[in-house]
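Consider the two complexes below, in which chain A is the common component and chain B and chain C are the respective partners.
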Partner chain A sequence: MPLTVSILHLFLALLLGPLLTGIINRTKARFAGRKGSPLMQPYFDLLKLMRKGAVYSRTTSWVFRAGPVVGLSVMLVCLLVVPAGRISGVVSFRGDFLFLAYALGLMRFVTVLAAMDTGSAFEGMGACREVQFALLAELAFLAGLTVLGLGSGHLSLSGMTASLWSGSQAHVNAPALLVAMSILMVLLAENARIPVDDPTTHLELTMIHEVMVLDHGGVDLAFIEYAAALKLWLYAAFLTSLVIPVETGSPLLDLAAAVCGIFLTALCVGVIESTMARLRLRHVPRMLLVAMALSLAALLWVLR
Partner chain B sequence: MTIWTEILIFTLMLTNYRLLATSRLAAMIDTMVLQALTLSVIPLTLAARPWPLELLALTPLTLGVKGVLLPWLLRRGMREAGVQREVEPFLGFSASVLAGIVLLGLSFLITRPLQSAALQGAHFLLPGALFTTLVGLTIIVSRRKALTQVIGYLAMENGVYAFGAALAVQEPLLVEMGMLLDVLVAVFVMGITILHISREFDHIDTDRLSELKD
Partner chain C sequence: MEPVLVSFAFLLLGSVACACLGGSGKAASRMGAAVCLLGALPVLFAAGKVLWTAMPVAIALPWQIPLGSFHMTLDPLAAFFVLVICVTCMLAAVYGVGYLSAYAGRKPLGVAWCFYNLLFASMLLVVMAQNGVLFLMAWEAMSLTSFFLVMFEHETPAVREAGWIYLIAAHLGAACLLAMFVLMAGPHGSLDFDHLRTPAAPVAAGVLFVLAVLGFGAKAGFLPLHVWLPEAHPAAPSHVSAVMSGVMIKTGIYGLLRIVSLMGPPAPWWGWTLIVIGTASGIMGVLSAICQHDLKRLLAYHSVENIGIISLGLGMWLLGSAMGHPVLAGLGLLGGLLHVLNHSLFKSLLFLGAGAVKQATGTLEIDRLGGLRNRMPLTALSFLIGSAAISALPPFNGFVSEFLIYLGAFTGVVHAQGMGILGAGGLITLLGLGLIGGLAAVCFTKVYGVIFSGEPRTAGAAGAREVPAGMWGPMAVLAGLCLLLGLASPVGVFLVAPAATMLLGEPCIATALKTALPPLAFIGLGGGAILALSLLLWALRKGLLSGREVVSGVTWDCGYIAPDPRMQYTASSYAQPVLEMFRWLVRPQVHKNLDPDDFPRQAHFSSHTEDPFRQYFFLPLFHRVEGLARWSHRLQQGRNQLYVLYIAIAVLALLLLQVR
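And now, the complex of A and B:
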């Protein structure tokens, strides 16, 4: 039964992933007093892109074409190990938290390679920024996962999150909250949301993630956007499993709670985007440094 | 019960990080209000119920002095001196946060032998208190503006208060009130001094005062 529910979560993620972007956009529109685009708009965009052909520059090689495909497939594999709320991942093995961190790294690597392959100065600049910020974000993410691993005594993501708030490992609960705050900051940075990157900007000089995919079009762009939506789902699911303190007993109810938590995370991201201004580029490392400081504080707390 | 104490101590640590990371004086003063709120509630979560009368009297007193009166004085000083932000500290803001991580590790290390003396449920308060004191000290030595240094002094005092709360819930009321009065008077005097410095020299950078010649 639990495995069936895990697989059900996987299908829900594939189906509802783009909806998260829709929720964020709708929240931002409501804050600005607009009606906003339909919730299903990301799906319409994806369908439109899927119907189009792709144009490839003659200076690009197979690396450029491989980028989106590898990125999306890595993201699908990542979704297999990530827990959501009380629902454990479809696959779970010792050390899968390292697997997750480095699989996400691989996705970033192929995106950066594809961006560099175009030979465009702008894309190189975006790739440079992406890697610079990812360096700090990855440290914060890994330090947070180490806290959970040390505190709960489990080496798999599903094991770590299952022992939180269950009463048996009470001493990890408070550090887990700190880690959750840190991971929220990492979520904003990794998914190119507002305090770090503005997904709606149209100025190449200030873009980070969007500038790397400027040369992609058609199906390739659809793959990239779909993978980005799944990445947001993945982080939101993990964040939800850190802070949902209730276990209902029925796996299906747990799944419903997890999905609600994930949508709530998207709502929070929308609120953060509406109420905060974008940070200046040289202030972004400071924010990620604070995320790292939170994770390390939790680590010291667990180590004592 | 203990989870609430832990969350409060976390809040204390987070306010310290905010003090280290921000350059705006208004944000620092707001953080001091939050820190005062946290500090005044921590003894309540540690004490056994029903709460003793002294504690119930002390909580609003601490909150009133540290959370209302002192921030009001600081805001007034900020307005009078016309200072909005710490522009160029000796230690940069990112470096300050990194120093904060090191200081936190140091606090955990130093307070380890003291753990047995702490009250039931207050084991994490000792490192938290020492961390607050050390952060206050860091702010005093690494910032230029006199007003920021006063905030550092207050953070140090908050650390001392938290240390007292960790070791004994019912410190004699007289000692606590004496401490509060001391701090109040000290900030009053500092406020007047800052006012005079800024009237005399159009700035409150303490490092430039050492260059004075007649």
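And now, the complex of A and C:
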């Protein structure tokens, strides 16, 4: 039964992933006093892109074409290990979070190389910012997971989060909340959201993630957009597994709670985007250092 | 007749033949490579047998060496290193034939191949020697032969300087080893490894440990003894750089493993020392690499980084042993040893790739290259695989060994429950590895992105052609091995398990294997799944695009329709934001002359980074030493009359002492 529900979560992720972008955009529209595009707009966009032909720069090679493909397959594999709410991942093994972190690293690696493949100065600029911020985000992520591992005594994502809020590991709950705050910052940075990156900006010079995919179009861009939606789902799912405090006993209800939590996370990202300005690029590392500091503070708490 | 001795005899005779008969033509290269390949086979066979059966082979020849004996053993630890040495040396030799053909007729290639095969033989002897004197002789032979290989292009002043720095570093290290062996001498001064004395007092053991770390660390490239690597590796021919960086510096790791295991139970601070050295080497190595503009110098700094990772593994081994934590010790040792193998594969691959780039374009300056992937596709693909492997990305082999070290560190942190020594060691290892991995990815996206992607920045890069099969073949084999050991990840662990068992004992390694194998199987599966899904999605993309309009245009540059290759992002600008964060550590120096006018006519910008340890530690130190040496000139002026006076005074002083 638990495995079936985990697989069900996987399918829900594949199905509902793009909806998260819709929720964020709708939230931002409401804050701005607009009606906003339909919730299903990301799906329409994906379908439109999937039907298009392609334009490739003469400079590019197979690396440029392989980037989106490898990125999406990495995301599909990563979704297997991530827990959501009280639902554990489809697969869990000792050190699976390391595999997750480094597989996401592979995705970044191919995205960056695809960007560099175009020979565009703008894409190179975006690429170097991406790797710089990812470096710090990855460290904050690892530090947060050390806390959870230390507190729970488990070395897999599902094991760490399953023992949270269960009574026997009550001393980890408060540090887990600190880690959740740190993971939220990592989520914002890794998914190219405000205050790190502005997905709606129109100036190539200021972009990070968007500028790296400037030359992609059609099916390739659809793969990239879909992978980005799944990545947001992945981080949101992990975040909910840190903060949803109740286990109902019925796996299906737990799944419903997790999905609600994931939607709420998207809403929360929308609120952050509406109420905050984007940070200056040189201030982004400071935010990520705060994320790391939160994790380390949680570590002190666990060691107390 | 022992196969090992057949190998040695063949390599030695073959080397002499190369030097005498080789001359400077292409025939010399073919002969040298053939000697290397044929000479490697018997010892490779013997090593494979030892790894399979775990039965050591001892060889004692009744030859006299002063103070020593000719005593060798091929035990699992030696066999593992023999395997690593043979694979890299054989592939590099095949590559060398093509690489050196550019020098045919201009250089004494026969002599170069003689030194190459002697270097190979001396490395084999280093890992098999069971006697201190024999070991030091092999060690010295290894240093000297590689010195001559580094000096291959001795017409260039920079190469000569690099050679001298290497020679001095090698001998300072050897001096520490000499002192260490003398202190460890057993009864009747025997230096046989079986008879070496393990000191009872912790202080004495500590002194020996420090000497071992200094001596072997100078060869391996531990911070701050790494300064010779970025000089010597770029100076040597590429196949020699591959051997030096891929395997020769690993003999330092071998020596540390062998000698420390003879020193008796370790103290916790030994482990700590290696963890701190490992973290520092790793972080400083990769940061210095990011600053470099020369590809081979960059790769040399990455060797410092990877030696740091290996050292982290060894540190956990010692810490775990000292604190009685078998899983930590086992995982650290397995990870460290496996990283020795993995690094030998991807680093030699990258050095061979650098050689191919040098030969095709005539330069190694990263910012003068670009667009090579269309001109040399096979080299580019191999280099890409090597880059992913060294950045520890699944599904390649670098991730597997780093994963083992990570897992050990996490186990240490989790089981320590409370800070303690173990937990702190684990935590430093974890965060250190995380930072190193991220920085390595920064560095290699820069290297691949600037050299192979985009458009060529100079005419040299535009005119590049793919290297011959004799050169890309070995690179392809190495790239294949990187992928294989990443996908079939337990295979690598089984290769290092006999050596680890010999050092740590059966039960400990068995527990570690039980902890490590299930996740490794999942990692292999996960990597395989990524590959399979990628192929599937590639097919889907192809299917969707077939029949649709696919056109080509120019890269989008803000609407500008005539982009120039010089407008591309450069390696320096790519690295700048990361270096800005760490400028307190690496201190890049910027020279610029920017015209303040509104319509600038002329502008100049360049940056370079000196090695901080060379600049602020070794140069002042050696200036001091030189000052002292100058001062001693007053005593030693070369006048015989004065020396006679010295002797008279000395004799008189001794007499007076005796009388009293």
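To be clear about the criterion, the second predicted complex is superposed on the first by the 303 of 304 C-alpha atoms of A that agree within 3 Å, B and C clash if a C-alpha of one lies under 4 Å from a C-alpha of the other, contacts with A are read in each partner's own complex, and residues count from 1 in each chain.
The working rule: contacts are C-beta pairs under 8 Å (C-beta built on N, C-alpha and C of every residue); 3 or more make two chains touch, one makes a residue touch a chain.
Just so it is clear, the model here is predicted, and its values are computed rather than measured.
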{"item": "Partner chain in contact with A:Ser57 - chain B first, chain C second, else both or neither", "value": "second"}
{"item": "Partner chain(s) touched by A:Ile7 [first = chain B, second = chain C, both, neither]", "value": "neither"}
{"item": "Partner chain in contact with A:Gly95 - chain B first, chain C second, else both or neither", "value": "second"}
{"item": "First (chain B), second (chain C), both or neither touched by A:Trp301", "value": "first"}
{"item": "First, second, both or neither for A:Leu113, with chain B first and chain C second", "value": "second"}
{"item": "Which of chain B and chain C A:Ala170 touches, first, second, both or neither", "value": "first"}
{"item": "First (chain B), second (chain C), both or neither touched by A:Met276", "value": "neither"}
{"item": "Residues of chain A that lie at the interface with chain B and also at the interface with chain C", "value": "285, 303"}
{"item": "Of all residues in chain A, those that touch chain C in their complex", "value": "50, 52-61, 63, 65-66, 69-70, 72-74, 76-77, 80, 91, 93-96, 98-99, 102-103, 105-106, 108-109, 112-113, 116-125, 127-129, 131-132, 134-136, 138-139, 142-143, 146, 149-150, 153-155, 204, 214-215, 218-220, 223, 282, 285, 299, 303"}
{"item": "Chain B to chain A touching residues, read off their complex", "value": "2-3, 6-7, 10, 13-14, 17, 21, 93-94, 97-98, 100-101, 104-105, 108, 112, 124"}
{"item": "For the chain A and chain B complex, residues of the former touching the latter", "value": "170, 173-174, 177-178, 285-286, 289-290, 292-294, 296-297, 300-301, 303-304"}
{"item": "Touching residues (chain side chain C, partner chain A) in the complex", "value": "370-371, 373-374, 384, 388, 391-394, 399, 403, 406-407, 410-411, 413-414, 417-419, 423, 427, 430-431, 434-435, 437-439, 441-442, 445-446, 448-450, 453-455, 515, 518-519, 522-523, 526, 529-531, 533-534, 536-538, 541, 544-545, 548-558, 563, 565, 567-569, 573-578, 580-581"}
